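Okay, so chain A shows up in both of these, paired with chain B first and chain C after.
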Partner chain A sequence: MRSADYVIKRGFFALVTVFVAITINFFLFRVLPGNAVTNLSRVPKASPQLRHALIVEFGLDKPKWQQYLIYLRELFHGNMGISFANQQPVSHLLIADLKNTIPMVTVGTVAAIVVGVATGVLSAWRRGTVPDHLSTNGAIFFYAFPTQWLGLVLLIIFAGYLPAAGMSDPFLFGAEPFWPHLIDIGKHMILPAATLMLTAYGSYTLVVRSSMLETLGEDYVLTARAKGLPDRRIVRRHAFRNALLPMVTLVALDLGYIVGGALLIEVIFSWPGIGLAMYDAIGQRDYPMLQGGFLILTLAVIILNFAADLIYFRLDPRISQ
Partner chain B sequence: MERNGQLPGKSPWLTRMLRPRRGNPRGRRRMSGLIAVAVAVTLAAAACGGNGSGSSVKDGGVFRLGSNSSIDSLNPFVAFQGDAYVTFEYIYPMLVQYNPQLQFVPDFARSWTESSGGKVWTFHTQPGAKWSDGKPLTAADAAWTYQTILKYQNGPTANSAGYVAHMKSATAPNATTLVLTYKRPVANVLSQVQQAPILPEHVWAKYATGNGKALTRFTNNAPIVSGGPFILTKYTPKQIVLFKRNPTFYGPKPHIDGLGLQFFQTTDAMITALKSNQLDGVETVTPTSVATLKAAHFVVPSSPGVVFDDFIINANPQQEASHKELMNPLLRQAFDAAIDRQAIVHTSLLGHGKPGSSIIPPATGHWNDPAIKPAPFDLAKANQLLDQAGYKMGPGGVRMANGHPMSYQVIMPTDIQNLYGQRSFQIIQADFKKIGVQLNLKVLDDSAAYDAITANDYKDFEISMWDWYPLTDPDFMLSVLTCVTWNTWNDTGFCSKTYDSLYAAQSAATSPAKRQQIIYQMQQMIASQRIYLVLDYPDTIEAHSTRWTDLPLVAGISWNSMSKIPFESVHQAG
Partner chain C sequence: MTLPLQDPQLAVETGGQPSTRSGFFRTVLRERKAAVVGLSIIVFFVLLSIVAPYISPYSITQQTCAVFAPPSGAHWLGCDDGGIDMLSELMQGGRISLVVGFAATLVAMIIGGGVGILSGYFSGWIDIGLMRITDYLLVIPDLVLMIVIADVWGASLFHVIIVIGILEWTSTARIIRAQVMSVRERVYVKRTRAMGASNTRIIWKHILPQVGPLLIANTVLTIAIAIYLETALAFLGLEDPTVTTWGTILENAFQRTAISSGAWWAIVPAGLVIAAVIVGCFLFGQAVEDALNPRLKAANLSVRRWRLRPLVGRGRDAI
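Entry: the complex of A and B
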């Protein structure tokens, strides 16, 4: 009963957050200076009539509250609207972008988690030693790099060895067999995923190191040592598992952001993902695209946070007490 | 920096949002003259080998081109971005096109005549032409396209309305004759029709019914029924578009088997891809990359550009009292004299450009008034003019005007700032400080920048820095200063009945000499009132590998929407 209460409470909170986010998404972009009609009516021989026709077509002639209600109504019917920029359904465009984004960002994020956890554990385990200094300073070093700068440096270093842009060999006229195509995508993914990994793993290293050091100082670890257990076993069985608790939130948040893409990386490596789509949509004041993209991002973050809450509940009995 | 194609408009991002417009530099409107030119150019091209068969060039291969523009849609009634329009140039017939000398030459129309005082234009189109699906390509397709644009020009086809300005009707009395009838004589008919892709009626007609909204919902996905030298076979948004040679094309067949266009978000990545042989050419090169590419033995053609960067002082007489002194001619003259254009060209453009003067750049041909010269940099004169205007030096070395310090906000769009705008601003800011005028930069994204300029009917903004991409034909550039373009194109707050009358007169002037005279008068008016202080004309620079040759430039650019000639002509070297 207690756990059901917890789930219902967290679930309700998540739903309210989604609704608030939808509302903010709607109004946020409309208070920005500039608008879609300004851009789209800038065609030679444009007339005030054209501007008015576009305003009417996009429904921007209606009061904001009415636009909001229409947006909510359509959203509840699963309709995210039509992109102002290219007149195609937003849902189709976003699905295509997500299909491109998710593999690259997932690889980069998972690699960052694996490297971050490994280096964090190593640092804590070998605290004060050369490996610790190397690992910690390396993490801070890469974490401090501006993403776009690191991306460009990698691009220049690996020019000629790895593809500079896109997500597959673009100049193939015929269909490519499955495996060569997969390998090709993998090659194109190396640089953007590596950039993401390098700029993201540092935070995991530092969090895991700190958490590990805390748990390594706990009484039960001392007891384990007193019992003569080998170091590896103490770290793996007793310290590491407990130290991973704060990682759950961090990982959940980062996985949520996977669907948001990696804007700067997608721009540098011309990766046609959702981050790039949102970047373009902001410039064009393409409200339906912006609303759709941010809705997906919001939902992903909220759902994964909700999942993190449930995992916490399962992992940490103190929450249920 | 994106300067692909021949696109009108402002800054790179807005450029992508615009329709291509090209003009008629020669203004040859007499029937005999037109036919003579068309025939002569065709014969000359054939005699020179051109891109026709029988020449000893190496055929085959796929030219891989890098672009930092993109295609937003393959539907001509929806697309706004630059590469979409170059794509239409290569996959669809156009009535006419430009040659590298910026003359109109035949494309789908083999010849043309005008009659009824310039109100009726008759185009004789290619006989026996076919679409890539084997269906006949006739003048009826052209008539249908123009009629459809006319019919829906206030709605679904509004982005193409410029192609049919003042047009009354389009008819095809037979398979090879197209008759365009205008309500009044139009000076730049060839420029207008050069931009309009002719669509296959048998594909599109079903969407042009009712309110015509289906015209904008049609995605026109690959493979596209094409009538140009290439067939579009694959399009992956934001990544690639692939073309293969069209065997049914009515004109000279391209030497290359295919053409691929890869989209890049950053110029650095594009240049890197070129240097590492992942590309054969790039459509634009920044001045900072020229030396590196030349050192790596790439062909890096550089041509005087039709682009200009400008410094705009609010020209609305109704502007807020807090900066109304900006209307003072002495102040505007002083500001003009305080701009070191040579330093801007040297520092911002690294020498790849020229100091600016008129809003119709010299590279557009004889429409530029050569009498308008860049204002000499003279701080002493600027100080003297401001003294003469009565603006005394105040505290902190800032002059006072009407009781307030002469401190102004300069609006700059991000694309200009990211490129070299900030460097130019810093040069101007430092010099203005020496004449007691303080400038403060406000960077906004393009959409917000334009809204800031037009806010409160152009009463609020003080100064802005932006750029323009005028076309070979001056009509578009001249139009952006007319009153009717307020809140759409006008970025100065300028509105003058005299100027508007001149604009109307030039657009109806069927005599090239008369039109040139009016256009000179308009340029002088804008220059003397210092509506735009034109800073510089950046060069147009692109690059390609030495493995390819015979890639002519049209208006300084090979991959542009003015002509099919460059990629019909290019072939492998050796």
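Entry: the complex of A and C
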């Protein structure tokens, strides 16, 4: 009963957040000065007639609430508008981009979690030693470096050895066998995913370290030690599992930050994902694309946050008390 | 006689010793090396930015050497794509980066501190309403939203400051709220209220001074975030194109083929100074926060991420 309550509560929260994001997206254009027409009609000799025709075409002459309802209705039908830049439906373009973004971000995030947990556990286990200082200080520094700077530095170092731009080699394109193509994409993914890993792992290290230190001080660890269990077993079976709990929340919290970082990384490495699409949209003043990108990324973060809530609840039922 | 009057929470915070508020920062600086290092870094860069126009070796608007000239005796950090001395650019670019960082943080602190105090002091529907807004904003990816707002609004320094300020107050509001809720329940506040003090007076005279140090710790941490976000927005071309900041230095280097020219000196130093300022803010803010709030030493809350949200009990007494 309680768990059902919890799920419903979090689900409701996620739904309302989606609604808030959609509303922000809509009102941004109406609150800030200027609108799509201001920019489009910036051509020399734009007549008032042209301006008026554009306003009518975009439906901007209708009252705000009516525009809002139309916007909501179209959104529920999957219509996110037409890109100004190439006259394609935004939803089609962005879904194609999303398919490229997801693998890169997943690989980078998983790598960050693995490296963060490994260094964090090592730090806590060997507290106060040289490895501890190295990994803690390293974590703080990588955490502070701007994402785009890390990407550029990796680019300088590895430019000759690893593919530096795009997602696949254009010369391999076509009816190639499956494996060479996959390996090619994998090679292109190394630098972007590594950048994402380096920007994200630092906070995981620090959290796992302090969480491990805390669990190592718990009574049940003392009991395990009193039973004469070997050190390795205590760390692995008793402390480690409980120390991992905060990671679930932290990863969920980090998603917004990771999405922002991924956006910068895609720009640097020309990875054809949503981030690059949004960057191009900035340059081309392609507002429907920009808003669509914001909406899809926000939806992704909200859904994953909800998933993390549910996972956390399963892992630690104490939360409902 | 004194025992029943003593508030245990107050005893924890000051380490059991009576101390004045200005004494608090002195204690932190004396006892925590990290705080000293952090504060020195911040002070160094602030002083550098103040004197930068007078001591920077070259002008940042005139070509003084060859395009992408490597570091040399005359130009310690080499030159950028326009033949402008990198060292001078870094020194003067820091001015605007820091101004954006401080100004955006000021906006964020006013909103975050205000929301936190109102929400923590007046529980009930004000609290519920404000915290809901905070929760929604916490989930929405901030950099992505900033990009949309900054682009629609137009690229300018002022817009960058406001956009960062209005989106980075959420974690501050949460932390301040938790602190206010505990201060509100202290005996002396209750007595003041019993003597007939108004809400305004209690907030200004008793709540604000108590949450002041925590607000300062948060301010310092938010400065780091604001500087980071400024560089990200500048990198995406959303900063005023006529100014030089640490962010636009990176953007220029990326846009104008510094990498294919092998001009690492146009990229590496800028990232190092940004990281130095961020680490400085992080060390100082973290040390003050640790000293103030023993609960933050608990595992899950010890690291201040860009955001902070309660781990357990998202209800009333969550941090």
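Just so we're on the same page, the second predicted complex is superposed on the first by the 265 of 321 C-alpha atoms of A that agree within 3 Å, B and C clash if a C-alpha of one lies under 4 Å from a C-alpha of the other, contacts with A are read in each partner's own complex, and residues count from 1 in each chain.
Criterion: contacts are C-beta pairs under 8 Å (C-beta built on N, C-alpha and C of every residue); 3 or more make two chains touch, one makes a residue touch a chain.
Because the structure is a prediction, the values reported are computed rather than measured.
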Which of chain B and chain C A:Leu152 touches, first, second, both or neither: both
First (chain B), second (chain C), both or neither touched by A:Gly293: second
Which of chain B and chain C A:Ile268 touches, first, second, both or neither: both
Most chain A residues touched (candidates chain B, chain C): C
First (chain B), second (chain C), both or neither touched by A:Thr106: neither
Touched partner set for A:Gly160, first chain B, second chain C, both or neither: first
First, second, both or neither for A:Gly283, with chain B first and chain C second: both
Contacts of A:Val20 with chain B and chain C, given as first, second, both or neither: second
Partner chain in contact with A:Ile302 - chain B first, chain C second, else both or neither: second
On chain A, positions contacted by chain B and by chain C: 32-34, 152, 155-156, 159, 267-268, 282-283, 285
Contact footprint of chain C on chain A as seen in their complex: 13, 16-17, 20-21, 24-25, 28-29, 32-34, 140-141, 143-150, 152-153, 155-156, 159, 203, 206-207, 210-215, 243, 245-246, 249-250, 253-257, 259-260, 263-264, 267-268, 278-279, 282-283, 285, 287, 290-291, 293-294, 297-298, 301-302, 305, 316, 318-319
Contact footprint of chain A on chain B as seen in their complex: 8-9, 13-14, 17-19, 21, 62, 64, 72-73, 75, 78-80, 154-155, 158-159, 161-162, 165, 216-217, 219, 233-234, 236-240, 242, 244, 258, 260, 262-266, 268-270, 272-273, 275-278, 444-452, 476, 479, 484-485, 487-489
Residue ranges of chain C touching chain A (in the complex, touch as defined): 135-136, 139-145, 147-149, 151-154, 224, 228, 231-232, 235-238, 250, 253-254, 259, 262, 264, 267-268, 270-271, 274-275, 278-279, 282, 297-300, 302-303, 305-309, 311-313
For the chain A and chain B complex, residues of the former touching the latter: 32-35, 38-51, 53-54, 57, 85-88, 96, 152, 155-156, 159-160, 163-168, 170-171, 173, 266-270, 272, 276-277, 282-285
